[in-house]
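Below is the structure I would like to discuss, written out as structure tokens.
For reference, chains read A, B, C and D in written order, and residue numbers begin at 1 within each chain.
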Amino acid sequence: MAYPNEKLSEEKVFKDPVHRYIHVRDKVIWDLIGTKEFQRLRRIRQLGTTFLTFHGAEHSRFNHSLGVYEIVRRIVDDVFQGRPEWDEDERLLSLCAALLHDLGHGPFSHSFEKVFHLDHEAFTQAIILGNTEINRVLSQIGSDFPKKVTEVIAKTYPNKQVVSLISSQIDADRMDYLQRDAFYTGVSYGHFDMERILRLMRPREDQVVIKYSGMHAVEDYIMSRYQMYWQVYFHPVTRSAEVILTKILHRAKALYEDGYPFKCKPKHFYSIFSEKVTIEDYLKLDESIILFYFQEWQDEDDPILSDLCKRFINRILFKYVEFHPTNEQLMRLMELTSLFKKAGIDPDYYLVVDSSSDLPYDFYRPGEEEERLPIHLLMQNGEIRELSRESEIVDAISGKRRTDHKLYFPLDLLNDFSSKRNIKKKIISLLQLHK
Amino acid sequence: MAYPNEKLSEEKVFKDPVHRYIHVRDKVIWDLIGTKEFQRLRRIRQLGTTFLTFHGAEHSRFNHSLGVYEIVRRIVDDVFQGRPEWDEDERLLSLCAALLHDLGHGPFSHSFEKVFHLDHEAFTQAIILGNTEINRVLSQIGSDFPKKVTEVIAKTYPNKQVVSLISSQIDADRMDYLQRDAFYTGVSYGHFDMERILRLMRPREDQVVIKYSGMHAVEDYIMSRYQMYWQVYFHPVTRSAEVILTKILHRAKALYEDGYPFKCKPKHFYSIFSEKVTIEDYLKLDESIILFYFQEWQDEDDPILSDLCKRFINRILFKYVEFHPTNEQLMRLMELTSLFKKAGIDPDYYLVVDSSSDLPYDFYRPGEEEERLPIHLLMQNGEIRELSRESEIVDAISGKRRTDHKLYFPLDLLNDFSSKRNIKKKIISLLQLHK
Amino acid sequence: MAYPNEKLSEEKVFKDPVHRYIHVRDKVIWDLIGTKEFQRLRRIRQLGTTFLTFHGAEHSRFNHSLGVYEIVRRIVDDVFQGRPEWDEDERLLSLCAALLHDLGHGPFSHSFEKVFHLDHEAFTQAIILGNTEINRVLSQIGSDFPKKVTEVIAKTYPNKQVVSLISSQIDADRMDYLQRDAFYTGVSYGHFDMERILRLMRPREDQVVIKYSGMHAVEDYIMSRYQMYWQVYFHPVTRSAEVILTKILHRAKALYEDGYPFKCKPKHFYSIFSEKVTIEDYLKLDESIILFYFQEWQDEDDPILSDLCKRFINRILFKYVEFHPTNEQLMRLMELTSLFKKAGIDPDYYLVVDSSSDLPYDFYRPGEEEERLPIHLLMQNGEIRELSRESEIVDAISGKRRTDHKLYFPLDLLNDFSSKRNIKKKIISLLQLHK
Amino acid sequence: MAYPNEKLSEEKVFKDPVHRYIHVRDKVIWDLIGTKEFQRLRRIRQLGTTFLTFHGAEHSRFNHSLGVYEIVRRIVDDVFQGRPEWDEDERLLSLCAALLHDLGHGPFSHSFEKVFHLDHEAFTQAIILGNTEINRVLSQIGSDFPKKVTEVIAKTYPNKQVVSLISSQIDADRMDYLQRDAFYTGVSYGHFDMERILRLMRPREDQVVIKYSGMHAVEDYIMSRYQMYWQVYFHPVTRSAEVILTKILHRAKALYEDGYPFKCKPKHFYSIFSEKVTIEDYLKLDESIILFYFQEWQDEDDPILSDLCKRFINRILFKYVEFHPTNEQLMRLMELTSLFKKAGIDPDYYLVVDSSSDLPYDFYRPGEEEERLPIHLLMQNGEIRELSRESEIVDAISGKRRTDHKLYFPLDLLNDFSSKRNIKKKIISLLQLHK
């Protein structure tokens, strides 16, 4: 049998706590899972620093990637198969794109991308197209197959049904991570009737729509998403850990550029610092590597690098107050900055405004910065209608961006009155005004 | 208020996916959790190499330690409090011992202990009694308090009620790990009615007993334990990863002793290799550190170390066949050993017998090697009876040790016929005889 | 020990699928559960005709009443106890009112109340104050105690904390039924983090408030409520069964008043038909009694009564179309009424408009018909704020009444063309216009 | 399309709390569910009097029947379809037999069968073959089809694969009821990995076997079954209610035969009392009818009938003591019988020994009274082995019958010393000896 259709002699089954079982029958999928680039995802946590807030959230991207694959597999094998609007030839491509969509994520992606201007999507593409085990597996299907997989992930693939399965406002990616992250954190949000949503998905000309009778399950999904964003993903304690992480990266880079004599040289970071990172370098990075450096750097002589690493490793996080970017508060921030300097606490590393912002659902606004494809319902009469026109609840929150700003600082340093007692007191008094 | 009784101004609550919430009101407990020695448990997986079999099992010992604490807290606060047989002064000691019982675990404990003759219980004791943040917190309660905590964990503490809560055939440790490991692996075993068992626990003269009406819940717990051991803890694939891990440690030590010029020097291992490890050295070890070395060692020139590390990192595991230590099979093993040598595959590293053995429950057999305190039921008439005398099911499996032996080897190396084709064929044929 | 404080020698525990265990330690509560008036609730389904739509929803009001009691018990014993704002003397009153709040419900309450102008709250009061076993138990606590229980249930009791526990926009009643009805129907709505909400409830001067940190759990609860109303409680198929039930009751009464010679005389209904029902008569009614009559009446000579009973017993329900009370549709309804008459199908029984309407949450609007106490949040600074001022999601749906009208009719009679073929065809054509 | 293959234009889906969704695509199945004989199962509880012990267990046989259908549907559609050993022509027969296997159950079957020598299996057969709506639906498939359905249910059908799906030691019937009854009672037993068992079922020559890798899931199932029998099905309180129910039926029959002038004549029982019941009479019986009589009979003049009915309706149950049929205890029972008579309490109705007995699993013992087909495992090498030869746990409990005897009596009557004080005291003293 040709490789694209080759089946394993016996179906492989992964026990998964979220979807119960993950089924693999295609030899291609099995081979992809066995590549070292895919196995590397075991060493990258799905939720970065969130485990410092929700101790259960220690799960890896390997987990999530299998989950997204399984959801797409159920859609194409149990729901789409045999429907005239669906092209069965797209099946394997959909499965591969689902499995590999997060392949380019590095350790603590969010912070690394921000500090070093990396782009995990570009790395996903590079890994799939580069000289990798992944590429060798995919190329066996056809020489243009790796390219197609990257197009699906980049949303440029012509068949928008396939694209929608992986990236839309109700795609397999989101459906997996909402449930998975809820499961591991232990929060009671994140539940919705995925089985029903999957069963009511229908391929249509250039998209995937959901039958009207699934509207309430979709509403539940949108609400889950909303709650997970604000209760888990944007949790202020998680953001505190991320602020510290970001500052470690900034500090290490600055020291490196200044020729600081590291006791433990940041060899794995060299190409990143110079922003000339290759796939080979990138694939060597994972959270063990990063944590190794952070642990070693606790003993560096530079007090800022050492302090920040101790904070991250031993979870001594920054505290925070609400911050609203009004003129008055910005003035106060300037005053605080100046007081921090006087207190001998570098405000570049120890006084940080962090902002989170989310749009729970949006209908289509062409031309806007972040175009989002809306969720469409398939009415009983065959008509297609945008979700927020039918659902009062979704309409109520549709297009409303919510933003939250917080000001982070190390309360322990300020409470330690061994020096500059008065300045620290003044700082504390200024900060408490924001409470 | 004196420190032992000091309460937090506001109860701290951890969201836990297994027990829903973990409640901390005692300042002591909160301070212990904040120490760096306790935070280190976040970087040590609860189930070692099991995540390579069950991808969900990526949870840390930090998780489990909080869980054991919470179970003991529920017992002492919700069930024992106010009962004349229970000494309320033992409350805090019980909570501390529960929280800290696994403190001395290192990365991949099982393999490290076997290879380097370490003992995590000795390290637990050393950390609690040594110059550590943990010790400083505990000493505030009383100068002999750290010692008492170690006695509870070592089972030598006079009040056996406290000891039983942490270490008996139905203790908080086991109740947490069975449920937690089932939760994260996603298996359907591991469920029993803990709430009922806790509610029916009673302190008696020198032990903790369970009211007769909880017998069926206890039976369920024993069966869960049985299933978890054979379905999860002794899973042959997990043991394959552990075999490889063990061989990496052996090889690194042997190379070190031979003066092999490591590209990446095993600095963190020096004191372990010489079996003179200090607490300071030990506390620096965690799974990030180990994985850092394994990743780097993929590029070492020693082919065995490099190959084994690649296997571990990229999950290219050994295959296995059943092995029964009969004369006939031992003869065959000798023959295989000699054939491996001829094939140029070092049998010391690539042909390994691994054995697992468990006793699901045992009544008391004084004087035997591994004395186990039996589970006692409190009958309606006040009498106390040993579990297996009342439960047919437990009686049926009581005292019956089950052992499983497997022979591990790298099938990929044998299937690769680039050299020594005939010898390899012969090996394969010999191995398949065991199937 | 005096009866109000008398504890059972051993706590009684009910296994409950929703709350796991229901704990009873008070002798009074145990005695109330044992009365025949309370046991009668076992024979009255919690959700009336809903089991004809969701087959799992066969649970009784007995179930729910225990659940409401347990929730209040957890609040007063685990959360309120010891707080200065809470008067411990109100504990037993709260528990009794919680347990008994639905005592006056009859079989298929909704329909019976509508047709016969009964009021289950008046019956609850009458049973508690009348010559009943319930009254005898309550009177042992104090001669005015039964009265106080009725006042709590009627919301006139002076201590509004107690009233709020049982009747407010987030009370034990709603929290139990949302979860319980979700559990038994099997829908995926109805989940929210009750444990968190309970733990964050605080007694305040004249109400029960919820700490701000529980706001998202409350949002989840409001959304659950919204989904349960529209997905379960107002399900159009359930309403179809209720329309038929209502019409059976109307018909039986009409026949009785006309002196129709029943084969199976409606003895249990006599006092209801004459609207002079006594407690004794009322307490004899339960769903077995009603179903007995409906089964027997299948064999009555009156074709309408017989047909409607066959429909109810054998689940041959009416179909429905959307109906909007516009002038145009009202004209069409008149035309249909006249066509039904011509077709020989009595429109009084076979052409029915049914409307459902709900307000998911409302802030306080004094003086309006249905005053609802708002949900108040307790902010960190001690301030109290109304929920919809803090929650965007709740604000979005607050005060928005949603109404749904449907027109019900027996499609099977219309599809049966044995007579009046043309008229029936015309009716069908008119009805389909509404689709 | 011919009726046997006719599919509904749109799949019908029932929301089920146990299996989440029950899917119906076959017109035949839909039509069977709509018959009045099948709808009648809504009015018969799955667990008889168990709701008086576990208040959640109010679910009907309608529920369970749909569940068994769904399990068989998943086996034949998702697992067996396409396998050469499976004859696709048996599909619809399997589904119909699964759906209808409990059709002949009457109200409180267990007691009715015992008292009146009825046999629900004979009624199932009679309903399927008789002049019923069920028969009319089945006959459309083929004139011999109803007969075949009865043969499957009676285990005489030649294709033993089909028979095994419905009746074996691991059939769809048991798998549904264990899970369903656990769900509704709320006990923590009853969980096993059905999904795994179903996926590993294989049709073989004359049976259904389970692949070896599912052995542990089967062990779990056997243990669930064991726990459910002793914790739920044989619960002594449930048996108390059944003892009372049985005695009501005995008393009513005796009174009827004696010409007792009932105020509420037992019309629905006439043919049962004379043991000449027809299908028509039988189908009129359901639990509403029975409860109607029991409620009315509370007001009969016969003190025994009235008392027993009050007990059943208001849950005033008999107490019990352990009873072992030793000579000594039988002597004591005779003495008690005589003392009851002296006390004026009829021992025929008020002093009852009830026995429960179960065999958790058995291998095949040809020729024994109750032949049971063993569970067979399909080994990797294709061999078939009986379960208890492979599983130590199952072996340990295999073939071991466990029996429990209890002596039931009305403690309240004995504690009431208004008359015959001394005799009652003596009785109580004799009964307490058994404690």
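Keep in mind that, in the parts below, contacts are C-beta pairs under 8 Å (C-beta built on N, C-alpha and C of every residue); 3 or more make two chains touch, one makes a residue touch a chain.
Note that the structure is a prediction, hence the values are computed from the model and not measured.
Trainee: Among the remaining chains, which ones contact both chain A and chain B?
Mentor: C, D
Trainee: By mean C-alpha coordinates, which chain is most distant from chain A?
Mentor: It is D whose centre lies farthest from that of chain A.
Trainee: How big is the gap, in whole Å, between where the Cα atoms of chain B centre and where those of chain C centre?
Mentor: 52
Trainee: Taking each chain's centre as its mean C-alpha position, how far apart are chain B and chain D in Å?
Mentor: Those two chain centres are 44 Å apart.
Trainee: Can you give the whole-Å distance between the Cα centres of chain C and chain D?
Mentor: Chain C and chain D have C-alpha centres separated by 32 Å.
Trainee: Touching two or more other chains, which residues of chain A qualify?
Mentor: 20, 187, 196 - these are the residues of chain A that touch more than one other chain.
Trainee: Under the touch definition given earlier, write down the residues of chain D that touch chain B in their complex.
Mentor: 187-189, 191-193, 196, 216-217, 219-220, 223, 226-227, 230-231, 392-393, 396-397, 400, 402, 435
Trainee: Residue numbers of chain B touching chain A in their complex, please.
Mentor: Listed in rising order, the residues of chain B that touch chain A are 14-18, 20, 34, 36, 39, 42-43, 51, 54-56, 58-60, 62-63, 66, 183-187, 284, 286-289, 291-292, 295, 313-316.
Trainee: Can you check the complex and tell me which residues of chain C touch chain B?
Mentor: Spelled out, the residues of chain C in touch with chain B are 20-21, 195.
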